[in-house]
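Once you scroll down, you'll see the structures, which are given as structure tokens.
In the two assemblies presented below, chain A is common to both, partnered first by chain B and then by chain C.
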Partner chain A sequence: MSALLEVRDLSIAIAGAERPLVDHVSFDVAAGETLCIVGESGCGKSLTALALMGLLSDPPLRRIGGTARFRDRDLFTMPPRELRGLRGGEMAMIFQEPMTSLNPALTVGDQIAEAVRTHRACSPAEARDRALEMLRRVRIPAPEKRLEEHPHALSGGMRQRAMIAMALANDPALLIADEPTTALDVTVQAQVLDLMVSLQRESGAGMILITHDLGVVAGLADRVAVMYAGRVVETGPVAAIFDDPQHPYTLGLIRSIPALSGERRRLVTVPGTVPTPATMPEGCRFAPRCPFAGTDCRAAPPLAEIAPGHRVACHRAPIEEKAA
Partner chain B sequence: MTAVDPAAVAPGLDAPDLPPRRSRVWAKLRRNPAAIAGGGIVLFFAAVAVLAPVLPVPGPAEADWSAVRAAPSAAHPLGTDELGRDVLARMVWGAQASLLAGVVSVAIALLLGVPLGVLAGYRRGWIDAVISRFTEALLAAPFLILAIAFAAFLGPSLTNAMIAIGLSAMPLFVRLARGQTMAVMTEDYVESARAIGVGHLATVGRYVLPNIVPPLLVQATLTIATAIIAEASLSFLGLGQQPPAPSWGSMLNVAKNYLEVAPWMALWPGIAIFLVVLGFNLLGDGLRDALDPRDL
Partner chain C sequence: MLAFLARRVLVAIPTVVLISMLVFGLQHLLPGDPILVMAGEERDPEVIALLREKYRMDDPIPVQYLAWIGNALTGDLGTSLRTQQPVLELIGEKLPVTLQLALMALVVAVCIGIPAGVISAYRKGTWVDWLANLVALSGLSVPNFWLGIMLILLVSVRLGWLPASGYAPFSDDPLRSIQVMAMPAVVLGTGLAATLMRHTRSAMLGVLRADYVRTARAKGLSERRVVIRHALRNALVPVVTVTTILFGELLAGAVLTEQIFTIPGFGKLVVDAVFNRDYAVVQGIVLCTGVAFVAMNILSDALYRVLNPRMGEVA
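The block that comes next holds the complex of A and B.
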């Protein structure tokens, strides 16, 4: 299966800094597939997404290397005009903050219609019909009424639904969702995620879902890429990541999920904190926090395939089953 | 998967039905007595200016030689000036010059300043540097001095005075529009507009401009007051409205020679300038409060 999107060695740096914030990140997304990018705040997940959309604020952020082939075109070398044609058309993004991502001066209907009219030649009436249809598809109650309303009149969950409607209005082949539910109430989160996934399944689009919520990953992902301090440390099918995690960081993440059943225990945490860009160690960036680190960890481990589709960047991989 | 209606799950969590923003601004403005008073004053003078041709007053240049510098009386409610012209009539006609000078010069300042400011704030880089240095150079000179210089350069007439005042007020709007544009550009909705592929012109027209209108509107209202004073000052110096056509400033200019014998000649234009400036200031303050997004 040829990939819809192939990202190779993407590196992003901030002006004046020596070390990149995102360092040689590579991954693939196939049509109809959901790739979850997991990692803690500041690990470069969002920067990766913004770079793919061509939305890095340059300066101070700059892409310093790598390629991204989307349907056999390189996103990073195509002319700005062509990239603008892709954005919101074949490639769409859903942002983290529904409360501030809608223009307060336009009605919800006008904004969705704007997304439609930017990419197709159609009459205002047709764009409006499409907007109404999209509001129905994202299951906003009373869509005819909401079409005429300004964003301030909508709740957070409804605004995120409107954002999803806008992103999907042109049937994108690739959807990038950057923590789409982080800002929402827990009760609304599940609804919005279910909605996104069911719409994605309907359309057969590929999706990159950026999150730090492992529960979401387990429920929705086909494949997972775990990022730590700007690098992909482990990637593979969701079952392999959860059943047979190989990177010590992945292991730590999974062990830190509180269990609802069984013996009550102290929550397991990963010791230490993420190094700042200035204190980033040479070699394996996780080494200072890693219980298995040795002298060989001073050299950066390659992202090596240890099972079909399952790659790990660790000198210790594959690790034997640890005795509990 | 079944569709879940969030309103059915948690009816109380649904956002309340708020009226549109425009009518909420109006509702807030209406509850502010100072703003209403200011609006009333402005409306009154605007009505007087517009209705001048049909109001039952003599022409502004009609002289009554039997009543030169006459005190207020039944025939001349506000008195007459040094040529026996009715002061009330000149006040009414002068309102046209004053309000026109305020509105037109601010319109000139907006038309020139806002595009420059938005361009600077949107494009940044060297364009911003050029526009900003130019603006700062203009701002280095005091507003009225600049207006006098422009007016003297263009030649004395009401039109030129309005252009001079508009040019002098322009840097203010460049700065404001630039700053507001830069602030709006960091908003998530501008990024999401870029993410759906909206072009530069549409981004400026539909995402930037509508969101910088409120502060510009407030500044424009307050600047009209300043511009009216500037027109009065220019006319007072002989650089604005030319005789025999009346303006409040030129009336004051002449009246200063007769302060001891005919004080009413100075009193009425002075009061009118004071009131109309007060009106615009109150209205501008009220608009600022009403448009404040923090409690919209």
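The block that comes next holds the complex of A and C.
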């Protein structure tokens, strides 16, 4: 399995701050595969995604280290022009905030057509046709009419569908979806997500899906990366994560899903809260909340491979062997 | 939109009536008698009596007001006490001159102020931003008359590039007209350029942080397109509104600038009329200016609605 995207040791910090907000994050995405990134609010999921797209607001946010290879090209060292060629073309992103992510002054059709024309040599009429086709594919009612409308005339769910249409208009090889439904009304969340995933599968694009929702992870992910306080603490195939979780944080998350009830819950049920930057411990960042913490945890645990493709950053892993 | 305009015009009517009353009332409180001015050196009592009757000077002021406003509504602002020309004709003659100056100044201001605001917002915190702010601050604090005199000395007297005076109407000789107006337009435009720059800068700073600007970048657009089509397009909404309001100020400034460059525009008309106690002309001018201000305000609100589709729904 050749990796579509290979991220190694990505670190991001605010200019002048001591500790990075994202710290040595590594993961892979294979072609056509779905990687879910999960973790509590503020653990650095969005920053990671934005860094890959080259969209960190700079300053104050800076990428301070790491590499990201996309189709064997380094995203972080390529000239800005080349990166622009990828953005919105081979690599597209859907944002967390549907209400504010579309330009209020331009029609929905113009905004989608613009994405098309940026990456293909085609006439305005062809771009418009493509925009209309995309609006049909995301099942927006009365697409001809919506094409001419400004975003304020659309509901949140419709706007996110329009964003999905825009992101998929150029058949990207990698789609980054940052909590695409969190801001939407609960009644339309599942619809919009299902739509996005079915279009992504149709197109064969690889996807990074950032989510709070472990039910979504269990249903859609091929692989999972669990983030805690700016670090990846566990990553592996979805089956390994759910059936054989190794990191105490992952364990806590999974225990917090009500078994068999089918109800989707947010990640709020691990006892304790994330330390603030000022109180962040030196070694394992989970130590203050970890039932298994010991003196050795004052040293940061490396992300070690305990089974093929399954990596854990904990001194106690793998759990069974230590217990035996 | 039509309903909105109709409502705004209706609301404006009492304002205009009030302006007209003030204009009329204040004028009559001024010391000095225009009839005496007109009657000339001899002050022949017969001539004076005749003139007083002709201009209905002996009617009570409210009656005079009603007669005046009634005529004004039919487009008759009276005739100049001095030159016997209809006031409307006088205004029609001089207004285009001042309007040309104001429009040229506006072009100068927009061409300097908006790009400078965009660049300094985009390069916020760099020396470019710092320099633009410094220049804008100087532009705001330098008095127009000083800048005008300095420009005349440098450009006309030292370098001989542009004529310092000798106005020609645009319709007669457009090139000369623009040449003569160039310096006054620059003088008048700099202050507005500085104001526009600061408004543009602050609007752009907000807009550049917007999520949709990030979306525009995520599409792979060039920075140029992101800044101009996505950011500036939205930042211009408040800037255009401010500009229409400031245009009134610009006209007032034009009246002063005309004096420095001896341009025979509205400014000269006003000054002459006031010094000669030419009631009809002064009243006519102030009434027209007041109405124009009210109209500019309505226009500015209307433009805001056109530029900002979100507002369109509410109306």
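To be clear about the criterion, the second predicted complex is superposed on the first by the 308 of 324 C-alpha atoms of A that agree within 3 Å, B and C clash if a C-alpha of one lies under 4 Å from a C-alpha of the other, contacts with A are read in each partner's own complex, and residues count from 1 in each chain.
Definition applied: a residue touches a chain if its C-beta (ideal position, glycine included) is under 8 Å from a C-beta of that chain, and two chains touch if they have at least 3 such contacts.
It should be emphasised that the depicted structure is a prediction, and the values quoted were computed from it without experimental measurement.
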item	value
Superposition on chain A - do chain B and chain C clash or fit	clash
First, second, both or neither for A:Gly88, with chain B first and chain C second	both
Which superposed partner A:Arg223 touches (first chain B, second chain C, both, neither)	neither
Of chain C and chain B, partner touching more chain A residues	B
Contacts of A:His247 with chain B and chain C, given as first, second, both or neither	neither
Partner chain in contact with A:Arg63 - chain B first, chain C second, else both or neither	neither
Touching partner for A:Arg311 - first (chain B), second (chain C), both, neither	neither
Touching partner for A:Pro141 - first (chain B), second (chain C), both, neither	first
Touching partner for A:Arg130 - first (chain B), second (chain C), both, neither	neither
Touched partner set for A:His119, first chain B, second chain C, both or neither	both
Partner chain(s) touched by A:Leu106 [first = chain B, second = chain C, both, neither]	both
Touching both chain B and chain C, residues of chain A	53, 55, 84-89, 92-93, 95, 97, 100-106, 114-115, 118-119, 150, 152-153, 163, 166
Residues on chain C engaged by chain A in the complex (per definition of touch)	209-212, 214-222, 229-230, 233-234, 237, 307-310, 313
Interfacial residue positions of chain A with respect to chain C in the complex	53, 55, 57, 84-89, 92-93, 95, 97, 100-106, 114-115, 118-119, 150, 152-153, 163, 166
Chain B - residues contacting chain A, complex	1, 3-10, 13-18, 20-21, 187-189, 191-199, 202, 206-207, 210-211, 293, 296
Parts of chain A lying in touch with chain B, wherever the complex brings them together	53, 55, 84-89, 92-93, 95, 97, 100-106, 114-115, 118-119, 139, 141, 150, 152-155, 157-158, 163, 166-167, 185, 187-188, 191, 194, 198
